[in-house]
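Each of the next two complexes has chain A plus one other chain: chain B in the first, chain C in the second.
Our next item is the complex of A and B:
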């Protein structure tokens, strides 16, 4: 899993603090996200991985009393800025959740939905983009004859790839995965991992996982979090074989025994 | 092991008894209705009774056409008026309302449901009816009164403000909390992650509501609407106060009319034997109509 040749910094988390009301969950997090690569966020349950991930697409803004301090830079601008256009931002940073979230509509309409939001309505073009997204998500062969069926009829693994294809259809720059394979069987997970590696050509991925093997297998970079702080960040091979911090060594070892 | 078995048996008997008593009560009501309606059934037949527009005390000739039409029209109009408002309330409460306000708005809605229906009736009689007659009826008459064919139904032809529209509005207010709270439950059950997925694609609040919240909650909302229709069909006191209870052709929605329940409430005390039987017969017809609606609704909900 070699990182791509001249990696570009796509996002930079800069002294990020995040609060649920008065409860501070992220503590001065510093983290670069390199373009066209996969970055894993690992760490014990409750350390703030999901919270950090949801800062990138400002999901926290849907709920009251949350606030950010610090910056997340994307192409030089701070996406935590009050004036950031969240609709636009979220179409650039897609998100995949732990449980599949098919919309109650046909397979085809699920994928076309994001395009509709972007006012892409030219039928042949939509059809082409839907097929492309489904192919990218390794789902096309399985659903090409069921495009008009309700998406709720697909298997769990298929639904999750559908959710991914739906995000891909609007060609985001970044895909955020929050334990996206933890509810799936090993074969379905393997398909998704395979797809992620393929996808690096087009998108940058940030992947929250509690599965160390998965982090080691798919990611180019790994970041370990602990109680809301970022303990260590680096190339995955470094983190797993020559960690600089004692804590990283212990955590990685503990999960690999 | 034996005590466990006995406990199970007792539990089974208790719950079974509860369930059985409900079935028996319904069956009992049905039997009573049929028995009491029998003289009417013999005299007027079934089809003839349902289609007859008669309500003649002197000739002792009674038919269900008008009371049933009135009940159904009033219920349908009430549901048509209440549903959009109730959906608005439910969406506001689950999707838009700031958390601080939520409790009090929800409470206000629940309180509407706790007001006894007599109060609604009196309010309709003394407040709503005069108000509608003075301000609403002339307006509707002016706007729709000259439309060919149907214009006449929107003209005021009898004074008093007691009519089908007033009754439907009262009914609408009464069933609003019902639809709103069932719809709200439906909306609240939509998983957060599903909504976030829509937001995550760059959907606005409104687009999210349309694409995922509404379709996922549709069934619950339909269920609420159907149950509300049943309630509106059977509601008595409020309607009896404001419908005007006039057995005559329906010339305008702003004319007094009858519903099954208004006829029963107004005439039960002084009915002669055959009229009494006709009243029971009416009730039976309403009971069966309601049953029909509910079973149709169940089938509809199962299919989609």
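Our next item is the complex of A and C:
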């Protein structure tokens, strides 16, 4: 996968340390996230990749006794700042979870939910944005006749694409994927991978995955983490074919993890 | 491995325990059916439309208990309007905002205790709070007594139902840029709505047949008026008074009224429990 031309740095993780209580989970992580590209975070379970992902949209703030040190820069501002407006931040950095999370309402209302939060209530406009989001998530053709049905009736793969469409509807700058395809069958996950590559035109994606082939297939950049540290980061082809570190070579070859 | 002989002591202990448990269950159920049979036998013969549509009359001239039924309905309705929202809000605090706090565990234990509090204790408590200082029995005191019985029930069901809603659902909504209270109202409540309604229904069923908390608070009234500042007529207190009277007509009416209350409570319970099953 060729990275898009003249990439711009959208996010920069700068000496990030993160603590659950007294326990340090992230150790001086340095990582650039390039715009309109896909960055994979790989590494063995417990290496801190999901913890890092959840720093970007400040999900850790929902739970007590956590704290951040260091910075994550976005357009020059530190989004880890205590005064950051988290509601605004989270509408700019969407997140897709491991398990599909359809809200207990119709397919249409699921997508319109985020638009309502952004005070977009003009009906023709909402309808247009709902359709656009569902098309971007490659779901429109399958659900266009069941928009009023409860979203819980969709299949697992459809529910996951619905969750993605819901995040896309509020036009975020970044989409964070937390093992978003690991609970799906191969055909459903292939559909999502295909969609992710399409989506690069509009959003930047950061993807936590246990699936090394997936990282190699879809991502432009790959970062390997181990025990809370960033081992190596670079273009995906480099990481998988000519890694600089011995540990990276062993990990991508499946020798540990 | 050596073959084990039957341990006769254990086998017999088991048989004795099983027999005792079965006997107690049969005893309890038999009592329940005798009560139901008795209410049906006496109540059906005195049951008539007059009971629900006519005002009370003297012991010799028939009449009905319209006011008592309306009064009981009013007390239960207002108690639900007061108790259900308070219970739902308390349950919301315990399951959402206070889920990691020690105080929540303490409140939940107190809730469990309050659920098994004898209702007459609540009656006497409200008597000393809202009847004696105000100089007389009044409907509001009855409402408060019933609401006090409802609140822990509704709090408990709300708390347990909200806790069953998966956390990832809240995280997904928050990750879209919702504030927490919007997530609770729009997502969590919706997911738990049918269960919370069932809980409220069962709490209504619980208070609809209460006598003791009303005897000390709203007491009784021969006439029905839409006012809670004076004593309010209620079926259960009327049954208590009529059943102890020397007049055959009143005793018959007490049986019939008891039958109606039992039927309503049974109906609410069955609906509530069926709703629980439908939710699967």
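We adopt the following convention: the second predicted complex is superposed on the first by the 254 of 257 C-alpha atoms of A that agree within 3 Å, B and C clash if a C-alpha of one lies under 4 Å from a C-alpha of the other, contacts with A are read in each partner's own complex, and residues count from 1 in each chain.
Everything that follows uses one rule, which is that contacts are C-beta pairs under 8 Å (C-beta built on N, C-alpha and C of every residue); 3 or more make two chains touch, one makes a residue touch a chain.
A quick note: this is a predicted structure, and the numbers were derived from the prediction, not measured.
A.B. asks: Assess the superposed three-chain arrangement around chain A: do chain B and chain C clash, or do they fit?
C.D. replies: After superposition on chain A, which the two structures share, chain B runs into chain C.
A.B. asks: Does the superposition put A:90 against chain B (first), chain C (second), both, or neither?
C.D. replies: So A:90 meets both chain B and chain C here.
A.B. asks: Name the contact category of A:59: first (chain B only), second (chain C only), both, or neither.
C.D. replies: both
A.B. asks: Regarding the shared-chain residue A:204, is it in contact with chain B (first), chain C (second), both, or neither?
C.D. replies: After superposing on A, A:204 lies clear of both chain B and chain C.
A.B. asks: Determine, under the contact definition given at the top, whether A:138 touches first (chain B), second (chain C), both, or neither.
C.D. replies: Neither partner.
A.B. asks: If we overlay the two complexes on their shared chain A, which of chain B and chain C does A:103 touch? Say first, second, both or neither.
C.D. replies: Once the two structures are laid over each other on A, A:103 reaches both partners.
A.B. asks: Can A:114 be said to touch chain B (first), chain C (second), both, or neither?
C.D. replies: both
A.B. asks: Under the contact definition given at the top, report the residues of chain A touching chain B in one complex and chain C in the other.
C.D. replies: 57, 59, 62, 64, 87-91, 94-95, 97-99, 101, 103-105, 113-114, 117-118, 163, 166-167, 170
A.B. asks: Any idea which chain C residues touch chain A in the complex?
C.D. replies: 100, 168-169, 171-179, 182, 186-187, 190-191
A.B. asks: Considering the complex alone, what residue numbers of chain B touch chain A?
C.D. replies: Residue list for chain B touching chain A: 98-99, 191, 193-194, 196-204, 207, 211-212, 215-216.
A.B. asks: Tell me, which parts of chain A touch chain C in their complex?
C.D. replies: Per the stated touch rule, the residues are 57, 59, 62, 64, 87-91, 94-95, 97-99, 101, 103-105, 113-114, 117-118, 163, 166-167, 170.
A.B. asks: Quick check: in the complex, which residue numbers of chain A touch chain B?
C.D. replies: 57, 59, 62, 64, 87-91, 94-95, 97-99, 101, 103-105, 113-114, 117-118, 163, 166-167, 170
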